[in-house]
Structures are given as C-alpha cells and as structure tokens.
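Dropping the structures in below, format is structure tokens.
Each of the next two complexes has chain A plus one more chain, namely chain B in the first and chain C in the second.
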Partner chain A sequence: MAKELLIKNACVYDPLNGIEGEVMDLGVKDGKIVDPSEVDESKAKVIDAEGRLTMAGGVDIHAHVAGPKVNVGRIFRPEDSRRLQVALKKLGPRSGSGFSVPSTTLTGYMYAQMGYTTVMEAATPPLMTRHTHEEIRDTPILDQSAYTLMGNNWILYEYIREGELEKAAAFAAWLLRATKGFVIKMVNPGGTEAWGWGKNVHSLDDEVPYFGLTPAEIYQNYVKINELLGLPHSIHIHPNLLGEPGNYEITLGTWDAVRDAGVDPDPQLGEREQIVHSTHVQFHAYGGDSWATFESRAEDIAKYLNKHEEVTIDLGAVTLDETTTMTADGPLEWELHELTGFKWANCDVEVETGSGVVPFIYSPKNPVHSVQWAIGLEIALLTENPWQVVISTDHPNAGPFHRYPRVIAWLMSEPYREEWLERVHDWVGQRAVLGTIDREYTWTEVAITTRAAPAKMLGLSDRIGHLGEGAYAHIAIYDIKPDEVDPSRDYAEVERALEQAWLVVKDGEIVVQDGVVVNEVTGRTYWVDVKVPEDILEEVKKDLETKFRRYYSVNLGNYQVQDVYLPREERIVIDARDRF
Partner chain B sequence: MLALQDVGVPSCTLGEVKNRADTIIYWGSNPMHAHPRHMSRYTTFARGYFRPKGRQDRTIIVVDPRKTATARLADVYIQVRPHEDYELISALRAAVHGVEIEREEVAGVPVEKIYEVADLLKEASFGTLFWAMGLTMSRGRHRNIDNAICLVRDLNEHTKWVLIMMRGHYNVTGFNEVLAWTTGYPYAVDFTRGYPRYNPGETSTVDLLTRGEADAMMVVASDPGAHFPQKAVERMAEIPLVCVDPHWTPTAELADVYVPTAIAGIEWEGTAYRMDAVPIRMRKVVDPPEGLLNDVEFLEMVIEKVEEM
Partner chain C sequence: MREVILTPKERPDVPLEAEVITPDEFAGRDPEEILELTVYEGNRERELGDFFDLEGRPGDSADETRIVIDGDVDHVKLIGHEMSGGEIIVEGDVGRHAGAQMEGGRLVVKGDADDWVGREMKGGEIIVKGDAGNYVGATYRGEWRGMSGGRIVVKGDAGDEIGEWMSDGEIVIEGDAGIMIGIHMQGGQIIVRGSCGVRPGAEMEAGTIVVQGRVEDILPTFKYQGTERDPVDGVSGEFHLFKGDYSNGPDVKGKLYVDAALNDVPE
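Right after this comes the complex of A and B.
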C-alpha cells in the first residue's frame, strides 16, 4: 500500500475549513492530510475523483455497537441475525450477520461502506467494560470510544450527597481511567437506580430511593464535575422519562437545570460550545398525556435550541423498521415489554447501572410510530443552527445505522418526505408539522451534521471531522457529483450514493472501493486520562478499598481494564491538577 | 439459550443479589456442592449494601426433589415430584396472578403451600431465581426455563425479580459471548454456506455427529466425550478427532491426536466470563511446563498451516 495518496478533482465539502463544494486536490502522507504539493506524484497513488462528492470520514456520536447489552441483542434475537447474513468476500473478506444488531465485523464493514470512520459506543457499564473493549477490538476499521455510564453510580451519589464535589470529580477521573472511557454518560439519572427496586423517577425533583438526591441535583453536580475536569466532550445525557407522552417538559426542564448550574464550557482539548449533549432527542420531544393524545413537540424543542447554543443534540430519528431497542434505562425497557408483549431482557449492574433489551417493530401504519418518525426529522429541520445537531438513529433504538443515507435523503428532499407522508398514518398531518416544513438540507449542512459538528462536540475537531492539513486522513468519496445532481429531485440517487461510498480512506489507507471493504485496518480507541490532584486521588482510593469490599462482587484489583484490551489506544491526557 | 430466545431474560450481576436480594430461590440447583463459594460470596450469607446482616436479611427457598445440602439451609423447602417442575411453575404463576387452582396438590406440593410461596414472592423487595441442571435436564427441558422466566417476568408486575442461570462449565458464557459478537449467533453456527447460519436441531454439534455428517472433529477446551449423548460419542470415536485441552479427559481418551495446553488463569492469562456475564481478567501465576503451548499459540500455528494449504 502506497504511503502517499493524491486525490484529484474532489468536490470537497469541509465546513470546519469553510470549504463548500470546491473542486480541489487532496494530499495524503503518513496517514494525514497534507498540502497536495507535498505529495510526490511519482511515488503516490493518484486517484481522479472526477468531481465526486468528498467529505471527511463520518463521525457517529451515539450508537450502540459494542458491549454486553448489544451482545444480549445478538444472543437473544437469532431472528434478527437471520434477516441479514453476509457471506465471505461479499462486503469484505469475512462473513457476518445481523440487521439491527450486526456482528462486530459486519458493523465495521457497513459503517465503512457509508464512509463513516469514527463511531462512539454510547454506553458501557463500567463493571463490564472489558467486554465492550473486546468487541471494539474485534470491530475492523473504525475508530471508537466507550462512554462510561455514571448517571446512577452509588459512589458518585455518596460523594455528592456528602458535598464532596472534588472527590466526586477525582473518582469520575479514576473511573474513566479504570474503564478506558471517553465520556461521562448519564442515562435516566436516578431512574435506573430506582429500577433496582422495580421503580422509576417521574420528575426532576423526585428523590432517588435511599440516596436523598434528585435528578436535578445529579445533573448539576455532574456538569460541574465535567467542566472541572475539562473533558473534551460535555456530559452526554439521556434524560428521564424517555418515550413517555408529555416528556418534552422534563427535557426542557433538564436543560434548564443543567444551565442553572452556572458553568461554562471549559474543555482542555477542542472548542466545543455546549455544556450538555442531549442524545436521541426525538424520544424526548413528546406532547400529550397518553398514547391517545400523543403529539409532536418538536417545535418547542427546536425553539429552545435556537435560543441556547450551549445545548447540542443528536436526533435518534425513527426509520420505521423492525429493530432492537437497548438502553441502560432499565425501567423503560420494562415499559416497552409491557406495551408490546415482546420478549424482555434486563441486566442490572451492581453499584453502577442497569439495562434492558426488547425487540421493536416501528410501523408506518401505527399512528404513534408515524408521529415519532416525523418528530426526528422536524427537530433536524426546525433547529436553525446545524452545528447543534447530529444525525443519528440512536442505533439500533430508533432504527439501524445503515439507514443514515435514507435519513439524510429525507432531510435533503421535501418531495421524498412528501412521498413518505403519503405512506404513514394520518396522525402525522394532525399532530406533527413535518408536512408544513419546506427546508431542505444542503450538502454543507449534511457535512456539518454527520462529521464536523460531532467532531467539534467531542472535542476532536483538531484531528477528525475535517480535511485540513494535519487531520487524520479519513476521507469519504461518494459516487455522486454535486454539480450534476439536485438532491431534492434525485433523492433516490442521493440515498444510493451514500449507502455505498465510491472510495473510503482511513488513516491514509484505502479501505473501501466501490462499496466493498478491501482492507481491514485496526481502529484506534480514544480514552481520556485525566490527571487530578494526588492528595484527593489518594483519599478516593482509600475510600474505594472499603467501598469495593462492601458493594462489589469483584475485587478492586480486578476491576480496571488492562492495557492489553486496547491494541491501538489513543490516550488523551488532560491535566486537571491545577483546576481543583 | 433456546428459552431466552423465546421469552427473554430478566437478569442482573451477582453483586446486585448481594446488595439487594431479600428473597432467593434455588430451583434444581445445589450450590452447596456444585458452586461451593457462591452462597457465601454473592448471595445467601453475603452482607450487602441493603442487606447488612447477610443471612438474617434474606429468605431462602429451595425447590428440589431431593433434600440436598442446600435444601437443608432453606427457610422454605419445596419437594417437587421429579419431572413435574413445569406443572409447579405454572401453578405458582397462577397463584401469583390470583387464579384459583382447582386441585389439592400440584407436583406433590399442597395448593395452600403454593399460595403461601406465591405471596412470599410478591412481598419480596428484590427477588432472585437461580436455576441449574435440575430444571434444564428434567422433563420439559428448555420449556421449563421458558415457564420459569415467565414467572419472574410476571412477578415484575408486583415487585422486582431477576434470574441467573447457575452455569457449570468454566467460561462457557465467554464462548457464547465471543461467538455471538463474531458471527451473530451464540452456538451451533454452521459456516458451510460461506455465511453464519444457526438452526439448533440441524446445526448443533450433537446434530452433526448423530446424523453422521461430521467426518472430522476438533475439540478445544471442552469435554463432549463425557457429556454428549451416546450416539454422538460413538461417531466421535469413528472419525479423526483432535483434542486440545489442559486436562486428560474422556474426549482425550477417544482422540487420535491430543494436544496438551497451558491452563488459562494459572499458567497463562486471558479473559473468562462469569455466569452473570461479567468478564474477568485471568492472570498467569506460574510458568507452564517447558514446551507447553497455550490455546492461542497452538491455534495460531494451525491457522498458519491452513493458510499455507
């Protein structure tokens, strides 16, 4: 494989560098983007893109692709694996299976096929994170990281209750190192702990049983911890009451509560502007007080976002497929089981979190599912600033990730949405506003919401999400020429082209050609190594010796994920020692 | 496996039981003999966050046809007639739902006792059902588990209940996990068509052996020679058989080639998944005898040879 690449006549959309559809050359050397003049044409592999659409490799800020609950989905849904069985040498060298919960190899292949090169695993239970890293290790091509679930952690709760914010922050840093994690992830704070007793929390002021804390207090302390440590990403939250009619109020209330903590974004790496990233917001934008009165509140959500740039979101757009729901929100999955009667898997994890998995069939004939479908698109279209929005399906909860091309095509084409409005239930006309929106995403907005914005929100925009000099050479070229195609009219063409990239470069190596994986490279695993004041850390470690003995079923010495599980780590060192 | 693919699996890690469980059932399971450290480390005798007094804070129910060592420790012992577990689970489910059972006894258990136990289960604040081979290997097999899972699921309409399978063989959970993430299926995967296929009854090892389809077999760290049905073992004796295992087993006895390997967790490092799917790092404590390979080294050499062919 050539160490140097020269890509000529690429039609580049690179919003972080202000490039909008300019036909230009790209140079690649030693895995990074360089000025084309630095590439020795006689030694380099030269590719003529002939004006094809070219963007940085896609960045998925939130997907469930690796770890214990994902594997529960595979184990207990052979019917899902049977829906998509891929033979050797078809998509790439190896075989795999799974439609909504693909095997690790297939996950890597299908993301790469779409031109995605970075995919963040959205939730790992700390105690079981060794498993998550084993799956990440077995997922080819993709750069990944694991978001460490902390929103229901007893040790954090205890420090916060005792008013020991600095100890809590030092413990969070310790836990990120122990799990080789990248983000402080919160899922239904208080609610998942309450699920340990078969209960939930129902408002921001509901006390978590036995812990004397409310979700509002938990959010405020966690956002302070996050900014005290100066992490590259903000707190990444899945608010309470996911999926319940009328929950838009608690969503807006949650964002208010976080803002009331009075902290500003203060990352030590990157330039994010948000203090909170609220994930799969489609599931949190519901009006009404029952399924009978269910309606879209996307307008309220978007109005809030338009006023507050310190809040960012990803969509969790419903694609109207049969899929598998999985989340650390234990009580929610029980509700879904009760609602559908479908089989239910649950795994509560001591001291830390819980989880559930239930199959789900989103049907365009179902009134509620149809409105859910509309809400995801409405939020994307009504939020004015695309830098606050990331396209996601909360894979696989609202739909599988390999439907991203369709979601993008919907956003780029009003006629395509019209076509689907004909197919879905009438409720969409009455209880949603999608049919009245004529905005269509441009290629620049697509590049922002699938690459540039998530890279910036994650604090990694110095290396991914763009094609400027020094960036990792993650390049996606699609078989579509922006100057010849009108996405509004030719939406089918857009969807097809985005499904199968013409060429994908990862770390300077060609990994996909004509939609087929030709080369499996090893992806990197990002994690944050946060240095905190020694004296505070020592006190925390002393506490942990007692707490582990009392609360856990494993020894402290066996808890931390060893280096051997990360064959290609990218350790991001953050020194927070003089910030305490 | 088949049962949880049918009806799901509401479960938890062992530390949850230690910290929360006030009611525990062992059904067809005798941990006092089969899992001797289990009750003191994780469940019955362990002190937990919400169960500071350990044994005194917990009610232990044992269901078994035999009055086992575990049964003798129980607060409530239910002597089920052999092979009538399914009936008893159904009766308990009926009682939990408040349905009248129009019989005097079910599976040898008086109906009054069934109602009493159903009330105990509903009054728990956190209940855990452990089951083992006594339930999976008696009449009804995985259908018993279907029904037991449904009992636990039904109980969640009243309070909190979970279940954990008392798995025996070392790291059998790890095998299911790894196969599932690499192929999409937990066991019985057939690759003959170039893609992974799963159809227990057709593609399991026992199926292939008893139908006489398999004409060679390699066994790694497992002992089917001791556990498979006789017809399958007879086929194993007929065909070329390679056994890769640290121990000399009945499978090794049948094998044409036996490859001794280092023991993971003693002579070599690795990962093992606990019965509750918590992955544990296994450390190397002593060097293996000179010249002994570990599984990974051996299999990598085999792959290298296969690729040469």
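Right after this comes the complex of A and C.
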C-alpha cells in the first residue's frame, strides 16, 4: 500500500478549519494529513474524488459496542443474530451477524462502511473491563476507548461522604488507569446502587441507601473531580429516571446542579467548552406524569441548551426499529421488562455498578414510541448551536448505529420528516412540535454533529474530527456531490450515500471502497494516564488494599487491565500533580 | 394451473437445502432455468438439476403453479419456504422445515414430514398424510414469535413442542402428540384428536389447546374451571377446562381442554 495519498477534487466540509464545501486536494503522508504540495505525486496513489462529499472520519461519542453487557445482548438474542447475517466477502473479508447487537467484526465493518473511524464504548463496568478491551481488540478498523462506570462506586461514595475530594480524585485517576479508561461515566447516580436494595432514586435530593449521599451531591463532587484532574472529556452522564414520563425536570435540575458546583471546564488537553456531557437526552426529555399524558419536552431542553453552552448532549434518537436495550441502569431495565413482558437479563457488579438487557420493539403505530421518535429530532433541530449536539442513537438502545444515515437524512429534509409524520401515530401532532419545525441541517452542520463537535467534546480535536494538517488521516468520501444534490428533496440519495461510503481512509490506508471493507487495520485504544500527587495516591492504595479484601471477590493485583490487552494503545498522559 | 414434476435422482450424503423449490421461484421460468437454481449441499453450491429431473412447465405466477415431487425427499430441507401461493404435492416423505414461513397456497405431504414442518407459518395450508416430527408449526431456535396464521393438519402422529410460540392459526393432529405442545403459546388453536405427553401449554399466555385423548400430566400452574361441552368447532363431547399458565402471572388467558371421560382433574 502506498504510504502517500493524494485525493484530488474533494468537496470538503471541515468545520474545525472553517471549510464549507470547498473543492480542494488533500494530501496524506505517513498516516497524517499534509499539505498536498508535500505529496510526491509520482509515488503517491492518486484518487480523483470528482467533487464528492468529503469529511473527516466520523466520531461516535456514545455507543454500546464492546463489553460484557453487549455480549449478553448477543448471547440472549439469537433472533437478532438471525435477522442480519453477512456472509464472507460480502461486506469485508470476514462474515458476521447481528442487527442491533452485531458481532465485533460486523460492528467494525458497518461503522467503517458509514465513514466512521472513531467509536467510543460508552460504559464499561471496571471489574469486567478486561472483556471490554478484548472486544475492542477484536473490532477491526475503529479507534475506540472505554468509558469507565464510576457513578455508583462505593469507594468513591465513601471518600465523598467523608469529604475527601482529593482522595476521591486520586482514586478516579487510579481507576482510569486500572481499567485503561478514557472518561468518568455516570449512569443513574445513586439509582443503580439503590437497585441493589430493589429501589431507585426519584429526585436529586433522594438519599442513596447506606451512603446518605444525594444524586445532586454526587454530581457536584464528580464534576469537581473531573476538572481537578483536567481530563480531556467532561463527566459523561446518563441522568436519573431515564425513560420516565415527566423526567425533563430532573434532567434540567441535574444540569443546574452540575453548574452549581461552580467549576469551569479545565482540560489539560483539547478545547472543550462543556463541564458536562449529557448523553441520549431524548430519553430524558419527557413531559406528562404517566404514559397516558406522555409528551415531548424537547423545547424546554433545547431552550436550556441555547442558554448554557457549558452543557453538551448527544441525541439517543429513536429510529423506530426492533432493537436491544442495554444499560448500567438496572432498575430501568426491570421496568422495561415489566412493561413489555420481554425477556430480561440483569447483573450486579459487586461494589461498583449493575446492568440489565431487554429487547425492545419501537413501533410507529405506538403513540409513545412515535413521540419518542419526534423528541430525538426536535432536540437536534431546536438546539441552535450544533457544537452542543452529537448525532447518536445510544446504539443499540434507541436504534442501531447503522441507522445514522437515516437520522441525518431526517435532519436534512423536512419532506422526509413529513413522509414519516404520515406514518407515525397521531400523538406526534398533538404532543410534539416536530411537524412545525422547518429547519434543515446543512452539510456543515452534519459535519459538526457527526465529527467536529464530538472530537472537540472529547478533547481530541487536535488529532481527529477534522482534515487540517497534522490530523490523523481519517477521511470519508461519499458518493454524492453537494453541488448537484438538494438534500431536502433527494433525501433518499443522502441516506444511500451515507450508508455506503465511496472511499474511507483510516490512518492513511484505504479501508473501504464502494461501501465494502477492503483492508482491516488495527484501531487504537485511547486511555488517560493521569498522574496525581504520590502521597495521596499512596494513601488511596493503602485504603484499596483493605477495601478490596473486605468488598471484592478479586485481589487488587488481578483487578487491573494489563498493557497486553491494548495492542495499539494511545495513552494520553495528563499531569495533574500541580492541580491538587 | 400448470404442473412441474420433479423426480429425485442423486441422493447426496448430507441434507440438501433447497428453499428454491417453491411455486414463487418456479413461476414464469423456463424448465432449464429452474434446473439451474442454486441449492446447497453442505457449503457447496449445486444446481437443482444435479438432484432432480424435471417434466412439465410452471405457470406465470405462483398461484398458477403446482409442483409435484415424485418420490421421497426426506433428505431435502426447506421445500415450500416462504411460498405465497400455488401448490406443492410431495408423493413421499419430506425433510425438515417443509413449508417454513409459508404465506399462502397449499403443501401436501403424502408420506411423513420431518421436524419443523410449517415453522413460523403465516398463512396457507399444510396437510401431512403420514406422521410429522417435532416442532410442527413452531418457531425457530431462540426466536419468540411463532406461527401466526394458516392451518396444519397431520393425519398421523406428531412429535414434541408443536405450536411453540404460536400466536394465530390452527394445528390439528389426528393421531397422538408428544410433550409440551403449545409451549409459550400466545394465541391460535391446537387440536389433538389422540393423546399427548406431559405439560401441554407450558408457559402459554393465550390461545386454545384441545386434547381429545389422554394427557399424561397437567401442570400445577393451570387452574381448573369446570366442564364444558363441544368447546370448539369440530370437537364434540364433554371436556375439563383449565386456564393457564399462571407461571406467567395473573392475567393469562390460555385455555386447555381435555376429554372429561379419559382424564381426571388433578387434586
């Protein structure tokens, strides 16, 4: 394979560099973007993009693609594996299966096929993270990272209860290193822990059993920890009461509580402006007080976001498919099981978290599902600043990731939304405002919400999410010419083009051609190695020895994920020693 | 209606997968094209003509096409898969998954049918003149949505777990049936003229099972409701009615009728 590439006549959308649909040449050398003049045309592979849509490789900030609960989903849903079976050489060199919980191979292929090159695994239980890294290693092409679940961790709760914020921060840093994790992830803080007693938390002021902390206190301490450590990404939260009618109030209250901590974004790497990333916000934007009075509160959510740039979100947009729900929110999955009667898997992970898995069928005939579908799109369309929004389906919870092209086509085309408004339940007209919105995303806004914004939110915009010199050469070229196609009218063309990229380059190598994977490269695994003051860390380690003996079923020495699990690590070293 | 006669010739060592043997696939094709249709012998792609001789011509549509298979094809799987109309007559025995996911038309098997006849059937009619294997009108491994329409009649005996996850349609077994008939049933009707094994209707939520012979054992999670005469069309006599399966919660609507003369009510 040529070490150099010259892509001519690319119609580039690169918002981080202020490029909006300019037809230009791109140079690639040693896996990075260079000025085209630096490429030796006689040695390079030259590709004429002929004015096709060209963007940086896509960045998924939140998806469930690797780890124990994903695998539980695969194991207990053979009917999902049966639904999508891809034979050898159809989509890439290997075969795979699974519609909503695809095998690792198929996950890598289908993301690459859509031009996505970075996909973050949104939740890993620390104790089982070795498995998560094994699956990441087994997923071809994609750069990934694991978000370490910390929102219900006993050890953190104990430090916080005792007012030992610095020790808590040192422990969080230790846990990120032990799990080779990238982000402090919080899922239903307090609620999953309460689920261990068969309970949940129902407000920000509910006390978590035994610990006596409230969700509000937990958020405030965690955001302080995150900014004390100076992590590239902010705290990444799945607020309480996911999926409950009327939960928009606790969502807004949560964001207020985080802001009340009074900290500013202070990353040691990157340029993020948020102090909190609130994930799959569609599930947290519900009005009413029961399913009978269920309604969209997307307007309230968007109004808040429009006033507060320190909060960013991803959509968790419902795609109206049969899918699989999976989350560390144990009580929620029990409720879903009770609601649907579908099979249910549940797990309690010792002292740190829990999870559940339940299949789900989102039907356009169902009034609630229809309104949920509207809410995801409403939030994207009513939030004015696209830099606060990332397109996601909380894969596979609200729909499978391979529906992103359809979500994008909906956002770019009012006629396409109209077509679906005809198909869904009447409630959408009465309890949602989607039908009254005429905004249509531009290609620049698509490039922001699928690449540039997530890269910036993650603190990685120096290397991914754009096509400036020095960026990793992750390039997606789609078989669509922006100057010839009107996305509003030709939405089917948009969806088709985004489903099957014409050419995808990963680290300078061509990995997808005409929608088919031609080359499996090994992706990198991002993780943060945070250095904290030695004396505090030593005290924490001493505490850990006792706590592991008392609480855990494994030894401290067997807990940490060894380097060998990361065949291509990208260690992001953060020195937080002077920040304590 | 036009007729195509397939006569089996070479018998492979492994079962043949031949979901192309349907009126839908044959309709409108020349005989030569039909003989070139792909079948699978293990992981090898072969042609239908390697295993069958052909006479006659199909009609222009599935509804105008009858396929007669003149011999035993117990080594051929998936005959009549997803067929929407027309007719298939098998003069001998048929292999697994005959009439699977069938949507319409008629499949007649003059000999015996192997397992999974009428699996996940949506419509149409299947008649088996001999015996049928396990999973008549059932769903597939790991799936939780089964037969949703149509009718299956087995003149002889049937095996275990017939009508698994069935939600609509009818299965009639003229002879005896095996254990756990109507397991996970969500709707529809199963009639067994003979006797059946243990645990009929296990985990059923709705639908009707009628056993005109003896039942080996009824689950304790079924509640006795008293007797009823002539409970469904085509069934006469006095029957004990049980409701269940209450292991699925308090709101179940499943009905299990067993002949009152031949069966005792468990204490």
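Keep this in mind: the second predicted complex is superposed on the first by the 580 of 580 C-alpha atoms of A that agree within 3 Å, B and C clash if a C-alpha of one lies under 4 Å from a C-alpha of the other, contacts with A are read in each partner's own complex, and residues count from 1 in each chain.
Heads up, the rule we're going with is that a contact is a pair of C-beta atoms (placed from the backbone, for glycine too) under 8 Å apart; a residue touches a chain by one contact, two chains touch by 3 or more.
What you see is a predicted model, and the numbers here were worked out from it, not measured in a lab.
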Partner chain in contact with A:78 - chain B first, chain C second, else both or neither: both
Partner chain in contact with A:551 - chain B first, chain C second, else both or neither: first
Partner chain in contact with A:196 - chain B first, chain C second, else both or neither: first
First, second, both or neither for A:343, with chain B first and chain C second: both
When both partners are placed on the shared chain, which of chain B and chain C touches more of chain A: B
First (chain B), second (chain C), both or neither touched by A:103: first
Residues of chain A contacting chain B in one complex and chain C in the other: 77-78, 81-82, 343
Complex contacts: residues of chain B adjacent to chain A: 1, 4-16, 18-20, 41-42, 47-50, 125-126, 153, 156, 159-160, 162, 176-178, 180-186, 191, 193-198, 271, 273, 277-281
Residues on chain C engaged by chain A in the complex (per definition of touch): 140-145
Chain A - residues contacting chain C, complex: 77-79, 81-82, 342-343
Chain A residues touching chain B - in the complex, by the definition given at the top: 66, 68, 70-72, 74-78, 81-82, 85-89, 95-98, 101-106, 127-128, 130-131, 134-135, 138, 154, 195-198, 210, 334, 337, 343-351, 354, 358, 550-554, 558, 562
